[in-house]
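Letters A, B, C and D name the chains as they come in the text, with residue numbers starting at 1 for each one.
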Amino acid sequence: MHRIPVGVLGASGYAGRELCALVTRHPRLTLAFATANGQRGERAELPRGGSVTFVATEDAPLGKAALVFSALPHGASKAWVERARAAGAKVVDLSSDFRIGNGANGANGANGANGANGAVPYGLTEARREAVRGADLVANPGCYPTAVLLGLLPLLEQGLVARGATIGVSASSGVTGAGLSARTDLLFGEITENYRAYGVGNTHRHLNEMRAMLQELRADADLVFTPHLLPAARGILATMTVPLARPLADPLAPWKARYAHEPFVELVDEPPELRHVVHRNVVRIAALPVAHVRTPTLLVFAALDNLLKGAAGQAVQNANLMFGLDEPLGLPA
Amino acid sequence: MHRIPVGVLGASGYAGRELCALVTRHPRLTLAFATANGQRGERAELPRGGSVTFVATEDAPLGKAALVFSALPHGASKAWVERARAAGAKVVDLSSDFRIGNGANGANGANGANGANGAVPYGLTEARREAVRGADLVANPGCYPTAVLLGLLPLLEQGLVARGATIGVSASSGVTGAGLSARTDLLFGEITENYRAYGVGNTHRHLNEMRAMLQELRADADLVFTPHLLPAARGILATMTVPLARPLADPLAPWKARYAHEPFVELVDEPPELRHVVHRNVVRIAALPVAHVRTPTLLVFAALDNLLKGAAGQAVQNANLMFGLDEPLGLPA
Amino acid sequence: MHRIPVGVLGASGYAGRELCALVTRHPRLTLAFATANGQRGERAELPRGGSVTFVATEDAPLGKAALVFSALPHGASKAWVERARAAGAKVVDLSSDFRIGNGANGANGANGANGANGAVPYGLTEARREAVRGADLVANPGCYPTAVLLGLLPLLEQGLVARGATIGVSASSGVTGAGLSARTDLLFGEITENYRAYGVGNTHRHLNEMRAMLQELRADADLVFTPHLLPAARGILATMTVPLARPLADPLAPWKARYAHEPFVELVDEPPELRHVVHRNVVRIAALPVAHVRTPTLLVFAALDNLLKGAAGQAVQNANLMFGLDEPLGLPA
Amino acid sequence: MHRIPVGVLGASGYAGRELCALVTRHPRLTLAFATANGQRGERAELPRGGSVTFVATEDAPLGKAALVFSALPHGASKAWVERARAAGAKVVDLSSDFRIGNGANGANGANGANGANGAVPYGLTEARREAVRGADLVANPGCYPTAVLLGLLPLLEQGLVARGATIGVSASSGVTGAGLSARTDLLFGEITENYRAYGVGNTHRHLNEMRAMLQELRADADLVFTPHLLPAARGILATMTVPLARPLADPLAPWKARYAHEPFVELVDEPPELRHVVHRNVVRIAALPVAHVRTPTLLVFAALDNLLKGAAGQAVQNANLMFGLDEPLGLPA
């Protein structure tokens, strides 16, 4: 059977190499090229075996690809996405350049235009499946927003959050979330046996797309998002303290209803662990009641692999939809 | 100069061995005996050098010690504490048996009697220094409560928390917090590259003493406490989302006022990191404002070494006070 | 197409769960039962997704399986292997009970009878493919011997080791090699930031099968094998210092000749890294010359995943041969 | 009592910060300045508390220091050492610039002149105490050579190594040994759950000083040195396979005789563990016999903290001698 030729722009980072690995194993895709300016001509090993040789991004034979994934840096991605579109390829952009709530892009301002009415669907697949299916360009969500939004979506859609409440989100990520960049603060010697928050006070770059989604869903709540850096390579766990509008007999009921037929959402009765979601394209969610409080409160947990369901895996999930393939094709679940 | 003879009950665990190490290096203390039923007659290496040979707890020469630290398990500690007291020793109990809010002990019920009026001071040193100074028996706080309460104390005492608010506390601890016990879920292979919550929904054993303190301080707020297990050996970081009664011009002002002369409290402008507090008897606190919210909100961080400021170090700090020694004597700050 | 029903005995440990995971994903195998006395009736998650529910070993419906893998402990495995054989199943035994050099088994004494002429082939696939192909019972090698022997085999077979030489083998393993057992010395807090040798002085249980193989190959050399415990979950790296009978123009030539058509042997020009072999059924080998020595000497490195090529993966590789299937079927390479 | 003013050149790296921390806690030393070109004017936290503010190296007030430690990079250190000497300070150089066997320095060529007769003593304290005591400039050994040479010294001095033997040394180091440099191959994500050899085939920079010492000791043996990178921050373990000239009744006897009165050498009966030597200025050595070999063979283990006994600690040990202070003063043993 014919395989769809795929190009990966910015393929030398963690997400880029996962994209190459997924494409290489996908039964209907084939890797046409992979670019990396800093490593042009070099061969790199891929996760779970195999290797790829990079070309410079400016030498990318865009015309040869029917599908392009861009894992280029935020800001740098937009121009290349437009070039790939002009060359006729469908594109999934993993940068924030086309995401909802991205003020840097006129069409994606705080009014959420891009999400609600704009030309570029926000590829949170479980929330926007129909928009993604018909799209030629999809803005793949950030890793934290994927966890937080998939975790909160059922409560928000069903109006279950207490009015005016403060939703405290404490999220922790493995260091691959910070990318494969030569920073001394990401050295093994600085991370092992350490743990710290960063991007504190709602200053993290990913806040915009979370706020834009909350706005679209007319949530009447403050979201306080605090990311942390784990001494681990992969995985995100978001722990969310949510004051409720009313007690729930079955705490997990909103998620059961919302995600009944989702192939990549796992609902569990215990707090999810990173080790059960890494190397898989799933989000695992638990919702547990809180004792000794006057305001009924839920603890919602969402765990995923930041490089798969939080990046490359969700990108392939979106691409499958864009090309009319089975949504789970080629994805490790 | 005369050295005070010290006994350590339950010395083979992580906190017990830290106690032995601190006593060994303390200029005014000397180790008279250390007990460990499972390892009687065995020699164990201490952190940072030196070693100790254990005797069985029932063979402990209680009469030889002027000071006894009990690191025996919760429930088992009480009887031995009473025996040590009867033999004339002053005692710091690291178990929960005499702590405020401990329902298992009539004198320490949910009414907080033990904290407010009871005979056994709750040894959160920075909050109860005068009560500790005159005491013959002190109940050393848990590691999580030390971090959470020292972090929240200035806001609570100064009435700065929004009425009826939900305080979301997400705390993460290194695995030594779970003790040196042969549990398969604490094996390296189960913890590395993993992260998970436990004791979820305000069910953690440490909740009682936190709630009792909040009650004493007449806090009108829900505390939602969610502990997590880090792939790290030592250290606790508590991340606390606190809706405020009113905005603060200087977010750190309440802590500066409250802890101006404290030798073991460090106030910092950036989120604290575990690596800067481990192997030291300090709590490091930061308070940072939150943008994009309607209810003024603070993020409060408190970091400490669970085995030192959260256990053995605070115990020695209390013992120094009980014996009229300089509070910081023999403590690594 | 018909799937072969498979039973896994002793399935709750690390190797047992990998076996279940491999069988579950194998296109021609299906899991009939998995046993674990300590966890009978419990459900366990498998690596990379899926789960299994254990039955007690004595309740194993042996008659339902055409293929049985035994991951029972050394000593306990033999009786169950014989029962499974009596029930008509082909068996791959992952314990040491039927391995060459195992003095506990009359047929497998130090004379290497079992290896050379005995009824139970030693399942080092790349060395014994034909014997395995026709077998009903195969003794799967230990993880260390697989790395060491596949690394040394070409030199030994081609008579390239200096006569009377001492081959120094320093090998390091992730802690899953020690099994999923409740030992305090394997706790995260004892392993992180630590490293140590064990089984020192040729006292490790795995030495027997290595010595038996060397004897069969008439090697005139001392093997000094020193295993170490890494602060990592998976993977083995063996570093072998080998004095040579004569210099080699191309240090890797003996391996290129010997392993030219092997699907699971990867020869590399740089020292192999664990991260490139874990979660894969391969051994990666490098051979590099040594400067500043009078006796020509090679450094030989062999790296593999102790749970896959060192255990469950090699077991499936052997089972594929025993059932006339394609050797790589269902294996992640 | 008067404190000796100390300058640290190149203080921002791992060894430099340890030096600052040791000087700060030393009862007879005081930190006059610390330099770091890349971080001039910045404040850095020190291990175990305290902080330092760096000046640029060219702004170092060399005249203010009676003692200078240089932790500048190899090659760059020599000129600054000479400037500090010209300004009247005694100097301990932690770079390789003045070490024996360093071909880049005429006076320190492969003839071992510098070690045996040269002006700059090689500061392997336990081997060169008298030369160090009278020196104004000492070349502090590398971390690996300290472990390897202190481990082998008794065997070499007492002529116990088999003639013509190959000594296989497999050594593993925590990543701080590679320095605090922005290299992607040292990122947490590349090191965790990984392990690999490097500098293979006797090509490691540290080989020179080891070979020069062996030459001085007239050792008739090949040394094959293979370093590895551990997924750990600190510590070195050297595992040495040594064919002996004759069997030893008490394997540890040569070390007991040689190191009877050494304050920083610990002899142990079990293979040493990193966790028992890190954060301490000691080398821990074990020697164990090997079974099943024809040539009598010893396994010698030497473990130390690469930043203390392997760098900053040994440097202070040497400085104490150079200034007529007690050798162990200010050192954590």
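Here is the rule we use: a contact is a pair of C-beta atoms (placed from the backbone, for glycine too) under 8 Å apart; a residue touches a chain by one contact, two chains touch by 3 or more.
Treat the numbers as computed from the prediction; the structure is a model and nothing was measured.
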Centroid-based (C-alpha) most distant chain relative to chain B: C
Pair exhibiting more inter-chain C-beta contacts, B-C or A-C: B-C
Intercentroid distance (Cα basis), chain C paired with chain A, Å: 38
Chain centre separation (chain B, chain C; CA means) in Å: 46
Per-residue overlap in chain B, given as positions that touch at least 2 other chains: 174, 190, 192-193, 231-233
Parts of chain B lying in touch with chain D, wherever the complex brings them together: 45, 48-49, 192-193, 276, 279-280, 282, 332-333
Residue numbers on chain A that touch chain B, as the complex places them: 164-166, 168, 170, 172, 174, 190, 192-198, 200-203, 207, 211, 222-224, 226, 228, 230-235, 237, 239, 241, 243, 271-275, 278, 288-295, 297, 299, 301
Of all residues in chain D, those that touch chain A in their complex: 14, 174-176, 180-184, 186-193, 231-233
